[in-house]
Amino acid sequence: MLQYTARRLLITVPVLWAAFTLSFLLIRAAPGDPVDIMFGPQESGGGVEAVTKEQKDQRRRELGINQPLPVQYVAWFGRVLHGDIGTSFKSRRSVFVELQQRLPATLTLAAASFTIKVVVVVGLGILAAAKVGSIWDHLVRLFALVLIAMPSFWLGLLLLWLFAVHFQWVTVAGPATPQRVVLPAVTLGLVTAPTVMRVLRASLLAELGRAHVVFSRAKGLPEHLILWRHTLRLAMLPAVTLLGISLTYLMTGSVIIESVFSWPGVGKYVMDSIQARDYPVIQGFVLLATAITVFGNLLVDLAYGLLDPRIRLGTAGQT
Amino acid sequence: MADAEVAERLVAPPAAPVAAAGRAGTLAGELQAEATHALAQAGLQPAVTRPRRKINWLIVTGGVILALVLGLTLAAPMLAPYHPAEQRARERLQGPSRAHPMGTDRLGRDIYSRVLYGGQTSLSASSIALGVTLTIGVALGLLAGYAGGWVDGAIMRLVDVLLAFPSFILALIVAGLYGPGLLKVVLAATAVWWVSYARVTRSLVLQAKQEGYVQAARAAGARPLSIAVREVLPQILGPIVVLATLNLGRLILTLSGLSFLGMGAQPPTAEWGLMLSEGKAYFMEFQHMMVFPGLMIFVTVLGLTLLGEGLRDVLDPNGAAGRA
Amino acid sequence: MSALAPPALASAPGEPASGRDPRTALEVRDLTVAYPTPAGTVVALQGASFSLRRGETLALMGESGCGKSTLGRALLGLLAPPGRIERGTITLAGRRVERLSQREWQPLRGREISMLMQDPMLALNPVLPIGLQLSETVRDARGRVPPKREVRARGMALLRSVGFEDPDRVWRSYPFQLSGGMQQRAALAISLVNRPRVLVADEPTTALDVRVQAQVLDVIRKLQAELDLAVVLITHDVGVAAALATDVAVLYAGRLVELGPAQQVLATPTHPYTAGLLACLPSPSGGLPRPLGGHPPSLIEPPDRCPFIPRCARADATCQTNRFPALAKQRPGSWRRAITPSLTRSRRTRARRQRRRDP
């Protein structure tokens, strides 16, 4: 297992590096000079503090963006390695601190919606597969179809309307209280559930069709053991992949859901930063999102190893 | 958005488990050998590829829904009682009435008319995005699968890196940095979404390369390009059509989501996501502003999903579009 | 002499099927299995009857697709959907089982009747260690899970008796860490750990290396003696049948065409199909194998005639016009089902039989 983990970790490094580099190029290739944008609003704001070209050049030197791109890249990369991902143009505070402050709200939402998602996926997925062809199966599949076509922002607004306006059970705006997390979490959990649910149902059906299930029945094993011990484990593999990947998605913040529910998380902060052209924040967020995604994929790989001994012991290639 | 995200990753599980899980051993082969055998003797196809004569209700339902949406959208100039941008200050924020079947928005524009015209924006933007995505993805997938070697390696590494980004976030950031606008959002989505087509195409090409008829064409000295276009492309068309249908739905969700965030279509354009965003501010008092555009997105995507799943049964019985 | 008696002939229909011989483990009477499909109903097994006593081995032989595996699955109530028993009875240890629900079947499986499958790699769960797959099977006489210590002791003992010298290591191993032969022996241990009366072995050596086939057959034979097992051996391999079987039943197109003591049937087949099947083997005298031409017929709504006519060198006009006869007594303990005379009978008996058949 140790060797397997090490191998997976090693593969992660180049992907992470490439993703970082790509995000650097992406942002540097964007039109508009950050310094112009930085001082832009002040210039138009009455000209109280007219910014000269010298001052701008000075600022560019401070930021190091007057140097050739490769030099900037190396310097930037060095700073990133030291944990310094920049300073917000807007607030003049460390991007790291800014993101850190908003991360708990996003993580709360992620954890709550992930829990709801797992319950929906596992519960309904198993129900549909174990009772394949029954009315339950059909209902679950219809439910999944409806959720797939549902725009998350519309579902969010409908839920808000129903529970905040009609029943007045929750408040529409305010701080990130446990009571307020319910609706965004349900919305996020539901709209991300159907794909995984369908994958789980399909893979469980495939597993239940395997020869070893016939053998287990022939040796007299009760059906509940066949389901829980013999088939669910392997059937979970594809679902675990998707769940793991969606976890990273949830952690980087669902920008849309946070926007719909005015949830004070990372997503909303990034939206504001994009509107203000606060490049270091955007860049920092891309780094964070990439790192979490890569890390999440790594966790998924490791979960595979735990669930399937053939992978852990490096014999998956053999048939 | 979430679905797009997840579905895109769905086509990228680690290679090893797939090999393990793909191991033969489903019952179809062993258990029903006798029934299948008997069917084969009777001159019939084995159960797996048996053509269905039954009406495929998924295709019918999805097709009817889409035809309705498309009809309403295309006939907007005839059906819409008002110009989508026409403002009537005295008729602001009205609920549904005889004059305004879906009510009016904060500028006194007729929501019904805007919903009809909004379909033109949403559908054409998504279709363009799909077309570009499809072309790039299939071309690179064919190239990677057919050329192999370092070409394949390079393309697939690029795919890996793009997959390490949350695609919706990437599109959002591109749109944010390069300024909002529907065209930019379409380009941003395209930059990320070709990946799934490249993967599916590549794996289907690899599969097709093993087929006897392709091997035969090679042995007969056919040029690689002509084999790719004449022998391989027709084989992979089915799964690609299925994937494209399902993806069009996800693209509509993504693009309207970006417009909802203010990154895509800009006022005063009529676009469903943007209309929802405008309705959001008033949803406490005037729900009609957000209900109808949302309903249109939902119904359109539902139709595409039904159609895509129905087509999958017919065109892609092995599920390559979801598996690759 | 053989205990085989097709009850359809030995006794009148409707008579209680069991109790005559306490050693009878399995009795099948007029068993018909069908798979309804969109293209028509596939009758995979039609009117099969036989009985089997403890300690005996019945080899079910025939080409693929002739109904062997369907019969084997039916014996355990494990027909693949949409297969179902249309007609007939199965009596397992004195109990009628052909109409049992899956819930009623579950306690009987493993303890009264068990199965060994063709490919142990597929039959064993790839992600669970052998020890778990063995120990989860163990039940006491009342069907309860015994204490852990006892479970392990019984499991280890059985691993030892299927020929493992280091049962501890096998206990901890995953299936993919064992060779094919070892996997099959482990599977055998699992299927026999609750001491069933009947074992259905479906091509138990077909997926294995030639080198280890004999070893697996040896172990089956040894455990059969230890546990006083009745074995239903499904095989298309005449060598395997000769090595293990006390009796042979030949199936063609879902119908039993010949039934008798293994030595007799294999040495002097009386049915043209059996003869054709045996001729496919290289003979010890150096004769080249003669392939049996043609294919088995469709099983969709089969006609009343003999299904072997298109491939039978001996078929004549009477075969075309007459109904396919029932199994007829041939010689002591031996039955066949054909219109044309036995390959081992003289002209005189043929004439006599012909008269009797066409009144």
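Think of it as A, B and C in the order they're written, each chain with its own count starting at 1.
Everything that follows uses one rule, which is that a contact is a pair of C-beta atoms (placed from the backbone, for glycine too) under 8 Å apart; a residue touches a chain by one contact, two chains touch by 3 or more.
Only a predicted model underlies this, so the values are computations on that prediction, with no experimental measurement involved.
Enquirer: Going by average Cα coordinates, which chain is farthest removed from chain A?
Expert: Farthest chain from chain A, going by C-alpha centroids: C.
Enquirer: Please find which chain has its CA centre nearest to the centre of all protein CA atoms in view.
Expert: If one averages C-alpha positions chain by chain, the most central is B.
Enquirer: When the centre of a chain is set as the mean of its C-alpha atoms, what distance in Å lies between chain A and chain B?
Expert: Each chain's C-alpha centroid was found; their separation is 21 Å.
Enquirer: Just give me the whole-number Å value for how far the CA centre of chain B lies from that of chain C.
Expert: The separation of the two C-alpha centroids amounts to 52 Å.
Enquirer: With chain centres defined as C-alpha means, what is the inter-centre distance between chain A and chain C in Å?
Expert: 56
Enquirer: Specify, in ascending order, the residues of chain A that touch 2 or more different other chains.
Expert: Within chain A, the residues that touch at least two other chains are 210-212, 214, 234, 308, 310.
Enquirer: Residues touching two or more other chains, restricted to chain B: which are they?
Expert: Correct list: 20, 23-25, 27, 30-31.
Enquirer: At least two partner chains per residue is the criterion; list those residues in chain C.
Expert: Residues 119, 122, 126.
Enquirer: Touching residues of chain B toward chain A in the complex: what are they?
Expert: Residues in contact with chain A: 1-3, 5-7, 9-10, 13-14, 16-17, 19-21, 23-28, 30-31, 157, 160-161, 164-166, 168-169, 172-179, 249, 253, 256-257, 260-263, 273, 276, 279-280, 283-284, 287, 290-291, 294-295, 297-299, 301-302, 304-306, 309.
Enquirer: Within the complex, which stretch of chain C touches chain A?
Expert: It is residues 76, 78, 102, 106-111, 114-115, 117, 119, 122-128, 136-137, 139, 174, 176-177, 187, 190-191, 194, 200 of chain C that touch chain A.
Enquirer: Note which residues of chain A are touching chain C in the complex, please.
Expert: Contact set of chain A toward chain C: 210-212, 214-223, 225, 229-230, 233-234, 307-310, 313, 315, 318.
Enquirer: Can you check the complex and tell me which residues of chain A touch chain B?
Expert: Going through chain A, the ones touching chain B are 15-16, 18-19, 22-23, 26-27, 30-31, 145-146, 148-154, 157-158, 160-161, 165, 172, 188, 191-192, 194-196, 199, 203, 206, 209-214, 234, 237-238, 241-242, 245-246, 248-249, 252, 254-256, 259-260, 270-271, 274-275, 277, 279, 282, 285-286, 289-290, 293-294, 297, 300-301, 304, 308, 310-311, 316-317, 319.
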